[in-house]
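Following: one structure in structure tokens, then a few remarks.
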Amino acid sequence: MTSARPSAALQPPADTRRAGRIRPETVSTAAIFALTIILIFASRFVSPALGSWDQVDTIITLASFLIVVAFGQGLVILVGGLDLSIASMITLGGVLSTTWNGSIGSEWVLIPAVLIICACIGALNGVGVIWLNIPPFIMTMASGIIVASAALGYTSGTPRGAAPDVFLALMKGSVGGVSAVLIFVLVFVLLAWTLQSATAFGRRLYAVGANREAAWIAGVATWRPIMAAYALSAACAGFAGMMLVGYANGATLRMGDSYLLPSVASVVIGGSSILGGRGSFAGTVGGAMLLTTLGTVISALGMQEGWRTVIEGAIIVGALLLLREDLLARLRSAR
Amino acid sequence: MTTFRKLLTTTCVAAGALAAAFSMATGSASADEPKKFKIFLSLSYSGNAWQSEAANIVKALAKTPPYDKLVDLKEVISGTDPQAQIGAYESMIDAKADGIVSFPISSTALNRTVKRGCEKGVLFFMYDATVTEPCAYNVSYITAGFGENTAQALVNALNGKGKIFLSRGVPGNSVDKRHTDGAKYIFKKYPGIQIVAEYYSYWDDRTTQQETAKALAAHPDVDGIWAQAGEYGAIQALRDKGTRLVPMTGENSNGFRLALANPEFQKDGLKGVSSGSPPATSGYAFKLMMEILTKKRELKPMNIQYPLPWVPADKVKLCKGDTFEDGCNTFPEGKVPSSFVTEVFNPVFLPELSLKSALDGTPTPGKTIQPLPAEVVKAPNEPGINCQKCEPPADLYKLTKVQPTVKP
Amino acid sequence: MPGAASVLDVDSVSKSYGATVALQDMSIELLAGEVHALLGENGAGKSTLVKILSGVVKPNVGTMRMGGQPYEPHSIVEARRRGVATAFQELSLVPNLTVAQNLFLPRQAKGTLGLVSGAATQKQAAAILSRFRLPLSPSAVVAGLTLAERQRLEITRALACNPRVLILDEPTAALAETEWLFGLVRQATAAGAAVLYISHRLAEVRELCQRATVLRNGRSIATVSLHDATDHNIFEMMVGRSQAEEMQGRARAGGAIRPAVLEAEGLAGESLKNVSLKLSEGEILGVAGLEGQGQRALFRALVGLAPLASGSVKIDGGRVRLSGPDVALKTGRGIAFLPEERKTEGIFPALATATNIVLPVVGRIGRAGLVSERLERDAAAGSSSDVDLNPRYLDFRIGDLSGGNQQKALLARAMHTGARILLLYDPTRGVDVGTKQSIYSAIRSFADSGGAVLLYSSELPELVHLVDRCLVVYGGRIFAQLSGGDINERTLVAALTGHSSQESAA
Amino acid sequence: MSANLDAMRGSAPGSNVAVAIRRVLTDGAGVVAILYVILFALYALWDRSALSVSGVTDLSNNAAPLAIAAAGESLVVISKGFDLSVSGVVSLSNVLMATYPIEGPHGALISLLICLGVGGAIGVLNGLLVAILRLQSIAATLGTMIMGQGLALVIMDAPGGTVADWVSNTLTDVIFGVIPISGLIVLAVVALWFVFRRTDACIGIFAVGADETAASLSGISVVRARFTAFVGAGLLYGLAGFMLSVQTATGNPTAGTPFLMLTFAAVALGGVSLTGGRGSLVGAVIGAATLMLLQKVLFSGGVSSFYTGIFQGFVLVLAIVFGSFISRLASTGARA
């Protein structure tokens, strides 16, 4: 895959001095957060109680799972892949952390153990994609199906046990009046952003995603970043799974399903290219927030489910139209 | 052209390998004695407490003497896709099944296949969910009026006025529609009752919790919640917001019943009733089918109504042991997950079962299959639920469990 | 040529993208039967003019007339219909289609019921291919062709629609010998067509063209008759300053024996037959060859990109196994490779130039594992000045730079790795004169500082001027080895085509 | 990555037969076809009824909707896009069929036209968003998918209604006592593909999928190619919805949901490159058939219900690995 830019033939010729230093990512990210905030304020019209800090708090709590999952998904998409196994990995994380809770030592053994298991399965995805040349789509879909049915068999249908206290505290507790989740999300976003945008590893991810062949020729051991991306994605999903059991204090075998499409959507709406090599985690966070906010507002609309769904779809398309590259480019050059 | 020989050989080798892989799996299937009844347990999907309990009950019964000698039971989980369950049914019919006890994913999509099965003499017993194909037996509580009764109970608890949420099931699902229609029929009678939010919780605790949280963001001042399965999530959502609880009705999760009985929660404002879908239906359906197969009972295909569980707060009673002895109906905290659906037993229909049966599908030592009561309760016709082109009874939504205590 | 009819007349055309002006007040007139050169550095606006003429983009202002009629093509197809055909620099062939299908895009030959007929397409394609003396199978898939074959196909496709105006944008970028092309061009002009010829190789231009229009910063500086203009004042017009550095031969290191740093022994593999070579410290070893003689395979083998059937590679006398470029970088004093295709094998368009330069060793520059644009810029500054790449480009997306600057950046990357052995594959392909000079001096100073360079070039003068010794590859073998005074275009050309007295001994 | 493989096809030496066989083996469709035969052999081995008319009819009726949907998806994927709207279209046309049943052959025709209309309309919308407004296909079609599902719920808020008996009975039947009609319809789609394959439009789609820039410089209208792909896909989704309704004989507002993942699995299994430019609609069709057959094979193989998924997963992976291995063997053979 070469540059994901549409029709490079029509690009400006060489040596155009691009106005300013503002990256397109920066603009699209700003735009998407702006949209989210507008949506929050607009929601006052739906219900006076909305648009409050209370709502924001709810949104962040609900978005936290998606943000964590979408980070992993974003890494995989960045290296030109797609991870369909996250739904099952979320479930796996949830199921293992509840069923093993108490049975294998303290939570400080349990949690790393679960994360490592997830990461290993993710790494297997990497192996399949890199050395067996299996399309990521199929590889991750297959491993997803496999993990799901393994979990089904392992729990024979009913996951037992309760969530580790750490995660109960994380999802329910609060530090000095601020909910723990909020703090966690801030820290996570900061770390994740740094990893993707300000480390050597991150740079290699972008290079590999932009042009695997070129990266290989340039002397990057391309398999490492790819492998790492899949492993991290799986680990993030597993972690999100544990957050979910902390939130609902219990696991179910389908708990991950509702996060697969949204994770991809957050990444793409956040301005990343589905073909890899371009995008920023900040944008992805914006995408996740936008989608979750949309959810809360929509659910407050007093109308038939069908119409609500239609509106949701329409708003997503509308947002995409607003975030179109050329529009933003015009915005950028206008500066 | 050596490459071709190479190609062909690889192809064959691969084929062989694949075959081997499968035949490993088949080893088990190839060994059955002919005389046993070939029964299939067809789940659409598994993965929540309700589904696996229902399945475990059937498995446990099939292992309980004398059925363990009579039944060759095979479980098939085909996933949430009607296509897949159609495929599964077809395979079962082709496999010369004597009976299929099943949770149907769709009330209508399976009809054509079910009909074909009936023509080949296969008995179809649907539990909990139903099909509109007349040649199948539907065994379900759906027609017993969960919606209207719980709605009335909520209205009573609210003295006929207040803002409420409806936490529904799966969009576009006939069971959800039946429940909600019944409830709305009651709520409409009370202008004081105002439905401020209506959301789909997919009969799942976590989703209920998230959706309720969303609704609470818009309407912090809610006065009551009418919920289908997943109700315990609604309580958690309220708890996340603070201590205030509101009157609510829901289904049979152990967590909900414990909460109803919890004096502290009652002090915070929780009251209501636990009712709704009992997994035990599957056992009842299975035993009916066996009695027909073993010629102990004559029964034409019909819609059979399973009694609606009804446990108000003051009726919650903790069980000492592993069964529902002396009218207990809830298990103490920690013995089962809060999402565990308590209505797995029925002293009349299923005395053979114990908690282990529901959790692991293992029979209760020393128990043998007891005969069912002779008469079965016929369910009223309900278009789209258990019949295709039929007239519903005039008193479709009549209250059976509770009477109005407040005038509209 | 006085009296010749004007075929295409472009009058003060301008084109700007948003804030950036690509072409301003450009005028040019093409006469029937002439080959008209378009000269200018990368980014001077040549490609923009090409795109305007061939209907890819529309000018903002200005008029174009063909034989008196106004000429405003809305699409490539319309341009072709009006008789303007283009062979693009970034070859416009679709990789997953066959030669025949590509020849007839977007309309294939139809059979019964107006359906595409594969047979007919192949037949007509075969006819065209033979007419233009291009030995390719019509059913071959383009992805499988070499770069040179593709370039020829691109040119053939343009010629095939018998254009009145033929635009050739860098047609020889991937061609080592030009007879084939020039022959066809002369045929076309003889038939009364006008040819707009864009190339960085002034020698070619002088051989083929009569007049030249020089572009600089999007403006047409002048149109001159090539007879009257010296190279010197053409350069002057192109770069706006008098050409400082003329090509002078490298003071060749004589017999002084320096340690061999890279030795290859009997390399054999895909399109390589028993190749051996020895590269010593401070040496620039040239490789010459017509396209597809195995030079590509040789370079790729030496950096671990292509598997070897047999043979051994030694670095600093120690035998090594090169499983890939990453390993090659870390082995001994390190081997770095400058690939052939800048766009597909070289740059990461969306990333900053600095990032592109430091990428292979980005792990090194991190502070506590963290890297920032600033760190990268500082790290890249050094090597970018070595190749005299303007540091202000370091922050730009490399995709927005001119081909020349991109090439500089890639050379800078190779040097920045710290590897002391460089494998440079056609480092000046399709770059302008100024850039060439910078690249030459960078290579020289690298060698002078004790580095070793293996250099393939499709331009013989380049080899003549740069290298100490020169290997000539032919049919996957090393056919001849020239050194000292033997390195001149005449002997090289002879050797290239397989006529030579001395057999390879390297 | 696949370039050299493609190259081999053109320049493969040896007899025509050799070339032909190699074509089959280097092309995803051929490999998945082999896989299908293997699986079917196993199925027949374990379950005699597989070879009976009813067995075959079941297979074909079961596979038809997914096969046609996958066929549509393959068009978009070849043009280097993703189309999620399939589940929306299928649900929508399904509920329409069940809400407005029209008896008799004319009824069938009208319903078919309605379904095609719905599919075509959403296809046009996708084309507008992706081809003209240049939105990323996966995101844009996610939006249209959600809208489609919403409309389906608006039209019918719970499963019900009945598809006209004539339609559901006739089209699930067999003619000449052996040939399932649903199978014929799939064959018709395949036939259409072979016609379309020989149009400039189709070549354009392949070209755009492989290299958009080169394609546009070669005079191909990228917009038109993309647009065609999406509209074609939409129409086929409509047909898929029609066939689904025919089979289930009833309406279900969420009927299309399972199609989302399955179509992509089928497409990829059928050897259509998800990075565009390579593959064949036939492959996707056979891929879909294979997926549906797999369930039956696993059933007749008596794989324990809990672990069915594990087998499905491994077969998916094995199929791909096996496929690429065979192709590599074939192409190296060609090189030698």
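So that you can tell them apart, the chains are marked A, B, C and D in the order they are listed, and the count of residues begins at 1 in each.
The criterion applied here is as follows: a contact is a pair of C-beta atoms (placed from the backbone, for glycine too) under 8 Å apart; a residue touches a chain by one contact, two chains touch by 3 or more.
Bear in mind that the values here come from a model prediction, so they are computed numbers and not experimental data.
Annotation for subunit A: without this chain, the others remain one piece by the touch definition. More C-beta pairs touch across one of C-D and B-D than the other; that pair is B-D.
The greatest centre-to-centre gap from subunit C, using C-alpha centroids, is found for B.
Averaged C-alpha coordinates put the centre of subunit C at 43 Å from the centre of subunit D. Centre-to-centre separation of subunit B and subunit D, using mean CA positions: 35 Å.
Chain geometry summary: the mean Cα position of subunit A and that of subunit C are 42 Å apart. Annotation: 34 Å between the Cα-based centres of subunit A and subunit B.
Residues of subunit C in contact with two or more other chains: 56, 90, 92.
The multi-chain contact residues of subunit B, meaning those touching 2 or more other chains, are 46, 77, 171.
Among the residues of subunit D, those touching two or more other chains are numbered 152-153, 157, 213, 216-217, 253, 304, 306, 308, 314. Here the touching chains pair up as A-B, A-C, A-D, B-D, C-D.
Note for the complex: subunit D touches subunit B at residues 14-15, 18, 21, 25, 34, 38-39, 41-42, 45-47, 49, 54-55, 58, 62, 65-66, 152-153, 156-162, 168, 172, 244, 247-255, 257-258, 262, 292, 295-306, 308, 311, 314-315, 318, 322, 325-326, 329-330, 332-334, 336.
Within the complex, the subunit B residues that touch subunit A are 45-49, 51-53, 55-56, 77, 171, 196-200, 204-207, 209-211, 213-221, 233, 236, 240, 337-340, 359-361. Considering their complex, residues 1, 82, 84, 129, 133-140, 142-155, 157, 212-213, 216-217, 222, 253, 261, 264-265, 268-269, 273-275, 304, 306-310, 312-314, 316-317, 320-321, 324 of subunit D touch subunit A.
Subunit C makes touch with subunit D in their complex at residues 56, 75-77, 80, 88, 90-99, 101-102, 105-108, 115-118, 137, 139-141, 143-145. Partner subunit D is touched in their complex by these residues of subunit B: 1, 3-4, 6-7, 10-11, 14-15, 18-19, 21-23, 25-26, 28-30, 43, 46, 74-84, 86-88, 90-92, 94-95, 106-112, 170-174, 176-177, 383-384, 388.
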